[in-house]
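So, here's a batch of structures to check.
Below are two complexes that have subunit A in common, paired first with subunit B and then with subunit C.
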Partner chain A sequence: MLASPGAARSLRIAGVAALIALAALFPILFPNPTATNFGVVTLIFVAVTSAWNIFSGYSGYLSLGHAVFYGTGAYFLVVAARDWHLTGSAIFWLLPLGGLAAALIAVPVGLIALRVRRHTFVVITIAFFFIAQLSAGNLSVTGGSSGLLVPVPNNWDPATYNNPFYYVGLIIAVATVALAVAIRRSRYGLQLRAIRDDEDRAAGLGVRAMPVKLSALVLSAFITGMAGALWVYFIGQAVPQFVFDPLFDLAVVLMGFFGGLGTVAGPVLGALVLEPSQLWLNLQESNGYTSEILFGALFLVVILFLPRGVLPTAAEYITAGRARLLRRREQQQGAPGAQAPTPAAGSAP
Partner chain B sequence: MGTEVTHAIADGILGGGVYALMAAGLTLIFGVLDIINVAQGIMVVLGAYLSYVLSVHLHLNVLTGLLITVPVMFVIGVAIHWLFIRPLRGSERTSMTLLACFAVALITEGILYWRFGSNYVSLHNSYSESSVHVLGFYLADIYLIGFGLAVAAIAALYLILYRTTFGRAVRATMQNQTAARLVGIDVTRVAAVTFGIGTAVTAVGGMVFGSINSFTPNSGYDLISRLLAIVILAGMGSIGGALVAAVLMTTAEALVDIWQPDWAVAVFYLAMVIILTVRPGGLFGRRAVRAQ
Partner chain C sequence: MTVTSDAAEIALRTEGISKSFGGVHALAGCSLTVPAGGITGLIGPNGSGKTTLFNVMTGYERPDAGQVFLSGRQITGAPPSRVFALGVGRTFQLTRIFPRLTVLENMLVPGQRGRSRRQHREHAMDLLAFTGIAGHADKLAGTLSYGQRKLLELAYVLVADPAVVLLDEPAGGVNPSLIHHIADRIREMNKTGTTFLLVEHNMDFVMTLCDQVTVLDSGAVVASGPPAAVRADPRVLDAYLGSGDDDDDD
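Entry: the complex of A and B
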């Protein structure tokens, strides 16, 4: 039961490998287009929520404007594919460029928004979101409020149409989670979490807060932009109110909070549980408001009763349970050793 | 041309009064409770729908209707605070309450969609049809009534804050919660009533907003983004600043609207971004940005 640290580590590696293998086999096990469609969107959210968590979860600066980066990546792909006359799988090469476009946008956003403290920061990210939505609706390059169409591949086999999107999404998602692990274990990740706990003290101890925060935001924006580009290619059209959707921001934050803010596995769990349920609910009730009300109610429940997320709370229970087990075992072992198995020994602390 | 500009300025100032009132509720809640109530936008829409129901189904005059909608919105505000805000404590409280308010906004929007659908409605009343002739153009009565109501409500807020015992308790809570508690102020009650007052002003704001514009449950997003821009520009926590910022913003919007209608709303956010790069605390913000 109580494995040594080395055994626990190899167990964890085996678990992660099994999960990735399962994810890789998913389109073969469930070739149904609805299932793979859910899979693509869920993987996009795994990547985006993990990327959001690398910035917001680690640094404590909650961003409610990641849709800005998502939408920038999306519009970049649409416009570049149209102007450079790309079709088919060649369009996938635009994803890193879409990420780069989002990262470029993140620099001025961060330089302005990261000068203020946390609660004003949240509000400013919301304001940037509305600027982006408004610009997309009014600029000619984005096709205005009627939006643009993406040249979707029309010669792909309908039965396996979703698969290329699925595997590209899987690569982005796995790479993002690996990056989240690497950052969490690095000195850089420690600096980010020091900023979260007490920015003034961290700065006093020599953490250069602004470059650390800004680079985390830019990195997070890069991944979010790539995911947005993949999403828009998958959906096939870019309309301002869907590309810059306030519900997207909320969904990402809820998924992060649900699993556990600042942990690596939490956002992944949040996306894996919540995104498919929401997609399924939308399939059952297409009116829109049912999922909106349930979504808000779930959000309240998580904030009020599980403010630290499912995983940290569960980990606490497990640790407490283990400690209790250990104590009981020590008592049982201690009792024969003392050679006084009297009823009184059982009640000793 | 001259008339157009004067008209735009008059529109901006009168419309700014209503935004100032909604923003005053937002900034009051922030000042006392350190909470960014992002549900304020949808509360304005809820206030507008309440007025709509009263005028369509009970044929009440919209001004008489305020006697019902203001207390109702007050109770809703107190209930939101009691159920979802009060239980949240700890170091992450500001972020958590913001998300809780967002969740409340989402649920309210969903309920409004469920009850009223997604079609645009507007509050028809005699005040939006009749108008007065000033300086060579016509102004709908509702603009003047709305501005008057907003100024009266903001004046009432000031009187409550600076001339009553309760107001003194509110200001004490704003300055130092622990000290306020030590001198015997029931901080939780002050917080609940403040949240109620901050929400009650949306009943007035919603009535005027609904008479000037047509609205859907989706209108809350546009409102809250403008209100947040006003509050940030003013400096969070400053009611007088909110009045100045609101009038500045709506006047600028009305002026830009003459030449570039598509970009008029962008003025709000551009002004905010420019001010923030120069003064991160806002125009009238406290000099030291409050430490987390």
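Entry: the complex of A and C
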């Protein structure tokens, strides 16, 4: 049966509300620290993948350098907490500042990288990534290759230790997805998607591509920086090869592609499915590389067989199935007037 | 040529435009005028510089020399988005639409001046109805046929009410009934005051639709005037039939 648009809409709102309620109750339903630990990291990836998608998914400029922003936010938090002698929940106030630091870095990165397109753009983002990683490993402000420790709160109850991180992560994730929805529906989002399809054509229709692309990158970097700051506070230490981790970028890109690049729900689904599976596999195998090999294989499968992601492909099947059903019903009724009205000349060629 | 009161009767004008790619002179001192409110045809053999001239006029290419004026105002070197905002819309020879946006979304990409979101949407739907593809508004543009894409490209160039519209082969590769349909749409828009400049190889299309025809050869204007006069001009025959050295290059 075909649901009316209104009914489909309220169903979707109910589904989203249920999902958020479930996420809010998760630490109460599963108070086990391992479960909430999974929860925190998964929410961070929901936020980061959605933020990455706002830029890369909507605009088509695939960034393999978001770890630059993630790491910038992380190092900002570590250094600021140390230098400003912050402890406990006060450190959470550094998250937006960490985001701001990442956004500031994104401006020159964008001004340089966004001058080129497609493959060249991807390569340049990777170059920026290595510049960031090498700098972190060699500068004194980041503690060089041995890294820095974060003053983790040692007076919090171990049983509920993860909860503040979880709820801060939930707020960031929900806000990011809400932003992704708002942008997707806005004229700004339309301009980003027009740039993805044909940037030069869009320019010829009045779209000022550079400011549109750059602002999306900066916004995306801001959220990624906040998430990186939260993550580093959660794990308690900043070491260059983990803060600027190439596997972070691959994970985000895989989650985005897996769920459906450029959709709102796709990256959320990708993060919700893949991040816990990876954490679970790591727990089972305790070696770390099993999950990485499996994820590499999954990446190949997605790119080869589901290049547009799970959700768009599923939606296509459903639409095709409905159309077939409708056609069959019309044929059975045999009503001659049942055909859709054909436009005058448009259908001629 | 009088250039003092451009604003009144000349919509778009180029003066001495030159552009080379490597050693090839695509345009060599090309000066052209597009009268306001008219339909001007731009013809010439392949490789004579028509598309390059379009690219220069709409900001996609920077000329090596020369100037472009829109209603007497110098716009040489302005980026495409600015040229569009100033009121010049264009289509491409190889039709370019946004395949992964719906047809209606395609229509909403161009900037909107002085229209609310709802008015913009209504105007877009009106233009889709005008071009005859309103029934496809919610389809992905990538699923349209070639002819429908041509109509969509024509429609969304018109959304922002441009003063001048440049069409690169509007009748190229489409069937005869659709060619008539497109010609009618152009004529109708022209009646409401839109100026057209179009590149086209279909001579019937050009000669029946245009009130002025300009002939380009080897990057320069060789003739210009009413269709009948241009058709009879020996220099035009020369450009097309060749004085020996400029065969078609595609």
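We adopt the following convention: the second predicted complex is superposed on the first by the 330 of 349 C-alpha atoms of A that agree within 3 Å, B and C clash if a C-alpha of one lies under 4 Å from a C-alpha of the other, contacts with A are read in each partner's own complex, and residues count from 1 in each chain.
Just so it is clear, a contact is a pair of C-beta atoms (placed from the backbone, for glycine too) under 8 Å apart; a residue touches a chain by one contact, two chains touch by 3 or more.
If you're wondering where the values come from, they're calculated on a predicted model, not measured in any experiment.
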item	value
First (subunit B), second (subunit C), both or neither touched by A:S135	first
Subunit B versus subunit C as contact partner of A:R118, first or second or both or neither	first
Partner with the higher number of touched subunit A residues, subunit C or subunit B	B
Subunit B versus subunit C as contact partner of A:I318, first or second or both or neither	neither
Which of subunit B and subunit C A:A194 touches, first, second, both or neither	second
Partner chain in contact with A:A24 - subunit B first, subunit C second, else both or neither	neither
Subunit B versus subunit C as contact partner of A:A7, first or second or both or neither	neither
Contacts of A:A202 with subunit B and subunit C, given as first, second, both or neither	second
Those residues of subunit A which subunit B touches in one complex and subunit C touches in the other	200
Residues of subunit B touching subunit A in the complex	34, 36, 38, 84, 87-88, 90, 92, 94-96, 98-100, 102-107, 109-111, 113-114, 221, 224-225, 228-229, 231-232, 236, 262-263, 265-266, 269-270, 272-273, 276-277, 280-281, 289-292
Interfacial residue positions of subunit A with respect to subunit C in the complex	187, 190-191, 193-194, 196-198, 200-209, 262, 340-349
Of subunit A, residues touching subunit B in the complex	60, 62, 64, 112, 115-120, 122-124, 126-128, 130-131, 134-135, 138, 199-200, 246, 250, 253, 257, 287-290, 292-293, 295-297, 299-300, 303-304, 307
In the complex with subunit A, residue positions of subunit C that touch it	58, 60, 79-81, 83-85, 89-90, 92, 96-101, 105, 108-111, 117, 131-136, 145-148, 151, 156-157, 160, 174-175, 177-178, 181
